Amino acid sequence: MKQSRFFPWIGFIFGAIYFLVPLIATFEFSLRMQRGTYSFKAYQVVLADPGFQASFSYSALIALLTIIVGIALVVPTAYLVQLKLPKLRPVVEFMTLLPLVVPAIVIVFGYLRMYNSSSWLPLTGSARSTDLLLVFAYVTLSLPYMYRSVDTALRTVDIRTLTEAAQSLGSSWPRILIQVILPNIRVGVLSGAFLTFAIVIGEFTIASLLNRPAFGPYMQLIGANRAYEPAALAVIAFAITWACMGLIQLVASFSPGQKR
Amino acid sequence: MSITALPATAARERRITWSWLGILPFILFSLMFLLLPAANLIVGAFQDASGNFTLQNIVNLGQPSIIRSYTLSLQISAASALGGVLIGFALALATILGGLPRWVRPTLMTFSGVASQFAGVPLAFAFLATLGRTGLVTALLFSIFDINIYRGGFNLLSFWGLTITYLYFQIPLMVLVVSPALDGLKREWREAAAILGATGWQYWTMIALPILWPSLLGAFLLLFANAFGAIATAYALTGSSFNIVTILLYAQIRGDALHDPNLGYALALGMIVITGVSNGAYIWLASRSARWIR
Amino acid sequence: MAFLSIERITKTFGATTTVKGVDLAVERGEFVTLLGPSGCGKTTILRMVAGFETPSSGTIRIDGKDVTDLKPHQRKIGMVFQAYALFPNMTVADNIAFGLKVARKNGAEIASRVKEMLELIKLPQVAERYPYQLSGGQQQRVALARALAIKPQILLLDEPLSALDAKIRVSLRDEIRAVQRQLGITTIFVTHDQEEALSMSDRVCVMSEGRIEQLGTPFEIYNYPKTRFVASFVGTLNILSGRVSDGAEGRIVVDGQEIVTSRGLNGASTGDALAVALRPEALSIGRANGSSNNLEGTIDEVHFLGSVVRIRVRFKESAVSLDTFNRPNAAPPERGQPITVNFGREDILVLEGAPN
């Protein structure tokens, strides 16, 4: 059936404008630091700021730890649910979707009440243990994305056959998971990892309430006190998000399933 | 037969136990860092400062400033969710069913993936640079059309300002969520309807929308919760002066703005109840409206 | 004047031409099947008749009226799709009633028509069920009822049975044919299953690469295939390549041995390459005297199929298959054994077109 493409084009162009204009405006704004001329001064200032470097590397490290803990938690669970305990699927899926429903600020408020320095498990007592709590909070936050990526990846490989083959060769459970299953779902795992990185790197609420020197609170601080640096930071943050998404697509295009 | 069957059963049972052991970390984790903290707040909401049972905190939620902040939060969440659903749906429709060239769809999807995650503090900066007092669009509107939107009453730190800002991630999120559902509409349904004499309108109202309805409802709820729990963008735009419930709660946690910690728990309880009830409503509505999906 | 007439239609998608000048005239009440391999353009033709695609050139007439540019619903056509295209959000009754509802028929009329249709497809008990509660065969019968409820002039079926399992496929094809006869509705049926085509149709239209290869009754198509393509696609014909040694007398040399056809070789000159076909049931083992043809070869393969033994006999280049009955008290033929097969002069079918 013939149909007019006029309205679809209008819609698409409208969408493109809506999304591109703020980016262009932000970029333009970030170049205005030197009066009368466009320059990358704001970027130089931001990148040279020790506060930026410290908070960014702190957040990057936390993101990395979050990814490791997240994978260690999600992969065995998703694997076992799919292979051995399908009855638990609704429960586990509900749990992994909960962080989309319960606001992050409520969760961290709960932590502050439950793990305060006078509680049975005083995680907020020292800086290191608060870092740990921050990692756990971020694992919770990224649970929906990590679980979905891993679960989808597990569905596309025949884990039962792989497992039985490995078992018949005498592999132990941890070895099966690490040496057989993980390589076969690496695309899903990596997608989840990059998505987690994108979410965690600039997170504000939890880091701020736990009083950690992370990138999100740093950005907020700059925003409250400076004029042009925030725009530069926004462009940098957007570029990081874009890079993470680009990496997901890149990894997906190298997936073994598509090449073979 | 029973003699040979016995060890086999025992072995299977042992394996099941091992499997349970394997997901124990996950269960422990979700208990400790998801369920119990939330439960803890709920309990706290019904306690006074010395730990006795009370309903006073709930009653105290009724003070006008708190009611106002809940109302504003609900309005912004509902408006940005509704706008996101409608616009995102239209955009997904245009690119998936509109017969546009092949490159359009992957472009939109990649972009939506990025934009839906582009929230929080940087988003506030971007919109300040766009629609703030010295923002590019504000300036262009003034110099080209001679429209001063701030003189006209616009403010980025308002219901409308925040709603427009939130739409920046709500629309792409909707595109991502609804695309699989649109792919699920079979061409044959459309053609069968057409050959039976249905107009395009009839096809949409009698077939496509009823089929999509649960997905749309679910998407609306996801977007609603997404906006309802958001704080970073608003906080970076305004500091603690903007009266939405997350900012109120944030201020309460940081500096005890309400001078009553247990009222903070009640505030959190209110948020849990709102997202919980809306999700319950979704499950109920979806199961009623989609009896035909098993 | 045929009821449905398709006149020299072509369809081009971008750079490829999928349908290349097809002519087809279907009489009122006739059941015509389009048969051909995947991708030969069957669905495209059907979709042009239905109005989902516009022909690049050519005309489609229904009952004398040019419908080429009409919208699908203006053509009064019913269609059944390959995948179950029932509306999943409606009950069976609502599915069947859909066409009547959008035509704003009154409630009583709709109800009685739905009942009538459910009885026609012998499923009166499923009216209130949803499609997911039906088996594949039941879904296709409901799809048939939905298409017929609006009393279309023409019924189009695009491989309606191919998603079903073998047993249901056979019973449902008889049922579709019975319904078609009962209503006397002009029908085009698409399939790539030759058994389906031969068993159901008044006429079969064999297609290849966007063209009609042969149009005829199942009897004609099976017994007298005109081209090598039809011969190989329909049935299990043996095809031999040869050269004309005497056109006037119908003499052909196959792998160095001469055979004679009683039908003559009109217009063929000596040395022309050509292909002939032999039905397996026309072949017998042993040397025959008189005017029969004999070919000497060796047994290439023996398949024991129970009551029948299928033997493959190789000459030099060509080979033929033939069936003999199993005889418990005689030793079965063995591979490598020399053998002679014979067949009548009138059994040779000369195929059109150059052999490949």
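All chains are identified by letter, namely A, B and C, in their written order; residue positions are counted from 1 within each chain.
Here is the rule we go by: contacts are C-beta pairs under 8 Å (C-beta built on N, C-alpha and C of every residue); 3 or more make two chains touch, one makes a residue touch a chain.
Predicted model only: the values in this text are computed from it and were never measured.
Distance between Cα centroids is largest for the pairing of subunit B with C.
For the pairs A-B and B-C, the count of C-beta pairs in contact is higher at A-B. With centres set at the average Cα position, the gap from subunit B to subunit C is 55 Å.
Averaging C-alpha coordinates per chain places the centre of subunit A 17 Å away from that of subunit B.
In subunit C, 52, 72 are the positions where the chain touches two or more neighbouring chains simultaneously. Residues of subunit B found to touch two or more other chains are 191, 194. Shared contact sites, meaning residues of subunit A that touch two or more other chains, fall at 1. The residues of subunit B lying in touch with subunit A in their complex are 15-16, 18-20, 22-23, 25-26, 29-30, 32-38, 40-41, 44, 87, 90-91, 93-95, 98-100, 104, 108, 110-111, 113-115, 117-118, 120-130, 134-137, 167-168, 171-172, 191, 194, 222, 225-226, 228-232, 235-236, 239, 246, 249-250, 253-254, 264-265, 268, 271-272, 275-276, 279. Residues 50-52, 71-73, 77-79, 81, 83, 85, 87-90, 98-99, 102-103, 130-132, 146-147, 150 of subunit C touch subunit B in their complex.
Interface of subunit A with subunit B (complex): residues 1, 3, 5, 7-12, 15, 18-19, 21-26, 28-30, 73-74, 76-77, 80-81, 83-85, 88, 92, 95, 98-107, 109-114, 136-137, 139-140, 173, 195, 198-199, 202-205, 209, 216, 219-220, 223-224, 230-231, 233-234, 237-238, 241-242, 244-246, 248-249. The touching residues of subunit B, when paired with subunit C in their complex, are 186, 188-189, 191-199, 202, 206-207, 210-211, 290-294.
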